[in-house]
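Just dropping this structure here.
Just so it is clear, A, B, C, D, E and F label the chains in written order, and each chain counts residues from 1 on its own.
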Amino acid sequence: MANSDIWLDSLITKTPQEGRALAIIMARKTIGAIQTDPEKRKQMRPEYADATALLISSAQVVAIEFQTIAQANTY
Amino acid sequence: MANSDIWLDSLITKTPQEGRALAIIMARKTIGAIQTDPEKRKQMRPEYADATALLISSAQVVAIEFQTIAQANTY
Amino acid sequence: MANSDIWLDSLITKTPQEGRALAIIMARKTIGAIQTDPEKRKQMRPEYADATALLISSAQVVAIEFQTIAQANTY
Amino acid sequence: MANSDIWLDSLITKTPQEGRALAIIMARKTIGAIQTDPEKRKQMRPEYADATALLISSAQVVAIEFQTIAQANTY
Amino acid sequence: MANSDIWLDSLITKTPQEGRALAIIMARKTIGAIQTDPEKRKQMRPEYADATALLISSAQVVAIEFQTIAQANTY
Amino acid sequence: MANSDIWLDSLITKTPQEGRALAIIMARKTIGAIQTDPEKRKQMRPEYADATALLISSAQVVAIEFQTIAQANTY
């Protein structure tokens, strides 16, 4: 990972809604960590044929990440 | 996210059925947060070829969200 | 959701098998809540090409719902 | 469900391996409960094109069911 | 299942890495239990078109199995 | 698995972000353990048609692995 910045100090958030936002960040950071080549990430964008399916799959990743965050916060 | 309104104050709901409704809202809000362009969201709608698969995938997202809500509420 | 009837008072069931039945109801109710147009639901039915995949995906949703129910009941 | 026999009295099993067997039964019973028409179930069988994908999806369902069983048994 | 050997006495492993190995065994044993015909299992192998997708799906099954093992071991 | 090195001594990490990195390693090690032939792994790489879907699927595996790590660490 080229980007070695600390972006995840803690799973604790002030509100559940901030937890949702964190879940989306976590999902996006994973994509960036797996496919590190920005050129290839750009090529992938216009795949709109399966776009709805991709959105729903992404929502599933976010749901799992949020479950982890909710447990950490005992919301 | 253009919409910065607070929509998730708490995971606690009065009844399990309200928890189901919240799970569906959570799943929808994620879609809106990932694909923020309403024009593109509209283009995606008529993909009915895989519609049943998409519905089932959506139901899976809702099931995961609800699991989180149920744990928060110790239903 | 047009149907505002209370259908989920509690996740508690008398037996694990009733919990399975509830898990299937929960999965179906989600489908009905996402795709509210009965005409469109009907159009989707005859997609038998991927039917086995769809059945297995559905079984996955049921498995997640049942996991939630089992936790609520401490079976 | 035509078959109203009691098949799931308890999630408790004597050994983890019996828990695996139960997880497979639970996954199969769900398929039978969703697609109740045996004629249609038979038609679906020969879809070997995606057979590996279907097997892996099935294994995922079994993994989730087993997770529930393992929690019930505190293996 | 033709093979009635005991292969899963316990979910407890000495190290997390042995837990990973067990998770892979559990996933494979499920495949063998669902598709018992070795001839058909062989036919499925050369589906390399979706091979990356299948590998990732398999990794997901392993991740779920490992989650169960980790809980049993309180790693 | 040709590589019998110990790579997973513990699920405990100093920070949640290190937990994320471990989750990605765990997902990758599983791929290497299932498809042990490096030649075949290389052939799979250029499947960019479904690349976005594959990335999202991978993110899902990472999310599940991280959930396990977060539980072990009680983040």
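One rule holds for everything that comes next: a residue touches a chain if its C-beta (ideal position, glycine included) is under 8 Å from a C-beta of that chain, and two chains touch if they have at least 3 such contacts.
Because the structure is predicted, anything quoted here is derived from the model rather than measured.
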Contact-graph distance - origin chain A, target chain E: 2
Partner chains shared by chain A and chain B (touch criterion as defined above): none
Most distant chain from chain E, judged by the mean position of its C-alpha atoms: B
Superposing rotation of chain E relative to chain F, computed on C-alpha atoms, to nearest 5°: 60
Most distant chain from chain F by Cα centroid: C
Interface residue overlap between copies chain B and chain C, same or different (over half shared): different
Distance between the centres, which are taken as Cα means, of chain F and chain A, whole angstrom: 16
Distance from the mean Cα position of chain F to that of chain B, given in whole angstrom: 27
Where chain F touches two or more other chains, by residue: 50, 53, 57-58, 60, 64, 67, 71
Pairwise touch network: line, ring, star, complete, or other: ring
Ring order of chains, beginning at chain C and proceeding to chain D: C, D, E, F, A, B
Touching residues on chain D, where the partner in the complex is chain C: 1, 6-11, 26-27, 29-31, 33-35, 40, 43-45, 47, 50, 53-54, 57-58, 60-61, 64-65, 67-68, 71-72
Contact set on chain F toward chain A in their complex: 15-17, 20-21, 24, 48, 50-53, 55-60, 62-64, 66-67, 70-71, 74-75
